[in-house]
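Listed below are the structures to be examined.
Shared between the two complexes below is chain A, which has chain B as its partner in the first and chain C in the second.
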Partner chain A sequence: MKLPRFIRRAIALAVVPLLLFCVPAVASASVAGTSTGWVRLAHLSPNTPAVDVYLYSFGDTSAQLVLHHVGYGAVSPYEPLAAGEYTVAMRAAGAPAASTPVLSASLTVAPGHAYTVAGTGPESGLRLQVLDDQLTTPPGKALVRVIQASLRQHVVTVTYSGDAVLVSHLAFGSVSPYHAESAMTATVSVTGGSEHVTASVALGAGTVHTLVVLDGAKGLVVDNLLDAAGSGAVPVGGASTGFGGTAPHAPPSPLPWLLAIGAGALLAIAGGARLRGLPRPRS
Partner chain B sequence: MLAGVLAVAVAAAAAGAFIGRGATSPAAMSRQADPASPAAASINAASIRGATAVRDQAAVWVARQVAPSAIVACDPAMCAALQAGGVPAGRLLMLGTAAADPLGSDVVVATPALRTQFGARLETVYAPAVIASFGSGTARIDIRAMAPDGAAAYEAALAADRGARISAGRQLLRNRHIQAGSGVQAALRAGEVDARLLAMFAALAADQPLRILALADPSPGVVSLAAPYRGAEIAPGRAGTKTAARARAMLSFLRGQRLPYLPAQAALAGQSALNIEYSAPSPLGLLNGP
Partner chain C sequence: MLAAGAVAVAASAAGLALTRHPVTALSAAAVLPAPTGPIAAVPRPETARVPRPVALTIPAIGVQTALVDLGLTSTGALQVPPSTSVAGWYTGSPRPGAIGSAVIAGHIDSRVGPGVFFRLSRLRPGDRVYVRRADGTLAVFRVTSVRMYAKDEFPTRAVYGPAPDAELRLITCGGVFDSGLGSYLSNTVVYATEI
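Here is the complex of A and B:
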């Protein structure tokens, strides 16, 4: 069956813009997938006042990141950053604008990798630790690690589901390796020298968690950070106690717009063709 | 033949000179017990003066260039020269003839005496990298960076560090706030610039354009991956009435840093340029994180 000429032309006219829209969409997704990493910042030094944190890119002056007034226990959402080398600097929050940010560490952002840059230790020995965050898990498993950021309880032991030990005698300022666990809802217990706290943590298959042990106003607090939630793709999760608000949002799908554009083009062309077939009014 | 005799005499004199003042080593005793001819004595005196000059050069360099927190291992004569040059005694690890190794130090001043004492182990086990060298031949004094985890681990860390320096240097060349001549560009591309300088360039360029006018090489006598350029002359990228103020702001930024990013020297060079210099040895792994 041969379609009428004006319909074939209309289809061609509609398809060309669709293709033109689709190519950059695919290309940009590819670039994002191969050249972007993610970084979140955490202030985990109990007796250090809030700080401003700066990330300076070696290669791109427009790719800087500044987070203001990051206080103890705050963990930012992941920020997408172009892969490359960064140097990290800190300055006391509220310090005069002319005061100098102090370089603290360097960070290599690899494509597709996620990192936590955490200020740890006591104020007198504050240091920035760059932690490589896992985004994927063994099939059907969850991954869990612990950051010990309690100064009041210098050493803690973390157990779950009764007496299974997640990490034993973890010292202040230390980070445990990731531990693979079966999917479950676990009751996590943190025991220090004089304090104890429990928390319920849902360990879904494919999820990656960082449990942060903090000094709270009334004792130990466990903060459950969701590093990845099963896709192994773009991490967006911030801390449940984080200041948030800057997490990237996935761009909306262009498909509805493209369909609408295509349908509109079809209607316009069909209408135009019909009008062209009508007799011209005589003047 | 005569050349051979002279070479032996010079080597013997140099070895004696570096064994130590008042030392009672076999070489020193032999020299006292068997006086040479007047001609040989004259040669010995000249070579001793030369060796002493080399030792003093090495001492001055260590006092000025090596990080103030670094522990320096040395033989007794060299330690005395270092102390005379201003290195506090508390930073010196004196290695007597019975010392089995230079462990516990950050830098070894490898005089002929220490080379004889530790043999090939000095290079293959304890301190594989030369970061500066003075004099020549057997009288040569090498300044070596210690490898606390062994030579193999050091070489691996050095190779990784160089890779990171190459990557970081090439990224800086893409930074539109950084201008550099062809020589500086080549050094950045080749990973020949200290990681602390690279990080500082990136931070300074975040605020304003930056010109890297030259790289300084304060490590004499060596061309080594372990001795990258630790010094630079830089200037604000924009010329104009505010250039001097911008240079002063850069200087303030540099002096506001803490170790390991605090330069050993940072000063204005004229109205609109600055000289920066970091101490030796260059730390490894600053760019390799996490």
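Here is the complex of A and C:
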């Protein structure tokens, strides 16, 4: 059966705006596209004097960030940066900004990723290492890794909670892989040669830690860096934060009022008709 | 009878006219002055202990509220504030100003009118958000983006996952209200970074 043309037209007119309305609603539900990454700068070379660290957006001659007089063991907070290419340069502390850097390295900052750029090794073999820092933990776990920056003890072994091994025989200037661990407060032990040091590290669920083994004035020192933190227990789904009091509602149906108008009109017409049917009063 | 009919027509027409007026938009937000107080330095990563949050001010959309503590419901969902006029901080998330993403949620509305986060979706990148801590210090955040997500596609990683700097996530409802379910189908999330 073919529908009359005016009905088909009416259906088309009703459906087209609905489709137009639905398309933007679907598009707006896309995932957040962040365009920011993070970089932090560190001096982890025990016998290298303090340095000035410069961060340049690639090809730009004026520095975006300068850290002055950065000494051994210093690690900056993470600096949020637009994704893209960057150059990190190190100069002796106080050297002119235009002087040739002692060392430089380039890195690509990807959106949502974090990096540690560290001067590592002995002064004679100083190099800039770009570490890819992890920001995602397995559910309910903590991540921990070790940077070995002690020259006193070239090789260290790190254990925790008694005899669980975090990393064994980690050489000076190297970095261990991340280790996923259940949430706990761990007593971390670092052993190198005849030296031994312990540190209490709170490994919260959803946190990422870097333990830096450093040369202290009197022996080994452990620096516990909290690289990133999230929610320990991750809530399921979205949040029920509304009761609908201000939600747009469809306007009330006009039908009851139209019926009442119709009924009133009928009543009036009937009344008028009856009035006309009555015999005229005699004069 | 004619008179009664005429009266009925007039009354019905009046009723129709009175109930068909469009819903008037709520008046624009009163812009608040920025709160004052000592602004705490961004903490060094290894000393990330900051005081608990007690109040929230968002001058651009006229929000000024105390903060209650939020936990998880028995089903593992985010608890929401018991009142629609206060916001709450999720105690499972980092404290505002510490390393990581602090999470604050508030209602968009009650059954009868606007809630504390009614205008949250009107925030724009660059707007400031102030969180006062128990010691009187302020953590100041800059809005970086405002997004809406269907609840069944909620970006759990972006909202609750680890972040390497001090960040803030503000959550409320948005989109279509499903009267059958008694809930909105979407969430508005505001992302902000400490300055």
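Following the convention adopted for this analysis, the second predicted complex is superposed on the first by the 187 of 283 C-alpha atoms of A that agree within 3 Å, B and C clash if a C-alpha of one lies under 4 Å from a C-alpha of the other, contacts with A are read in each partner's own complex, and residues count from 1 in each chain.
Assume contacts are C-beta pairs under 8 Å (C-beta built on N, C-alpha and C of every residue); 3 or more make two chains touch, one makes a residue touch a chain.
Here the structure is a predicted model, which is why all the values come from computation and not from measurement.
S.K.: Just to be sure I read the superposition right, which of the two partners does A:Y78 touch: chain B = first, chain C = second, or both, or neither?
M.R.: second
S.K.: Counting only touches as set out at the top, which of chain B and chain C does A:Y160 meet: first, second, both, neither?
M.R.: neither
S.K.: Could you tell me if A:Y178 is touching chain B, chain C, both of them or neither one (first, second, both, neither)?
M.R.: Neither partner.
S.K.: Quick one: classify A:G206 as touching chain B (first), chain C (second), both or neither.
M.R.: It touches chain C, and chain B stays clear.
S.K.: Applying the document's definition of touching, compare chain B and chain C: which contacts more of chain A?
M.R.: C
S.K.: Would you please give the residues of chain A that touch chain B in one complex and also touch chain C in the other complex?
M.R.: Comparing the two interfaces on chain A, one with chain B and one with chain C, no residues are shared.
S.K.: Quick one: which bits of chain C touch chain A in the complex? Just the residue numbers, please.
M.R.: It is residues 1-13, 15-16, 19-20, 22-23, 26, 42, 44-46, 48, 72, 75-78, 80, 84, 90, 92-94, 98-101, 103, 105-115, 117-118, 144-145, 147-158, 160-165, 171-177, 179, 182-184, 186-187, 189, 191, 193 of chain C that touch chain A.
S.K.: In the complex of these two chains, what residues of chain A are touching chain B?
M.R.: 54, 56-61, 64, 84-87, 89, 99-103, 105-108, 115, 129-132
S.K.: Given the complex with chain A, which residues does chain B contribute to the contact?
M.R.: It comes out as residues 164, 167-168, 171-172, 174-177, 195, 198-203, 205-206, 252-253, 256-258, 261, 286-290.
S.K.: For a test of understanding, state which residues of chain A touch chain C in their complex under the given definition.
M.R.: Listed in rising order, the residues are 25, 28-29, 31-32, 34, 36, 38, 40, 75, 77-78, 80, 114, 133, 135-137, 206-208, 223-249, 251-252, 254, 257-258, 260-261, 263-272, 274-275.
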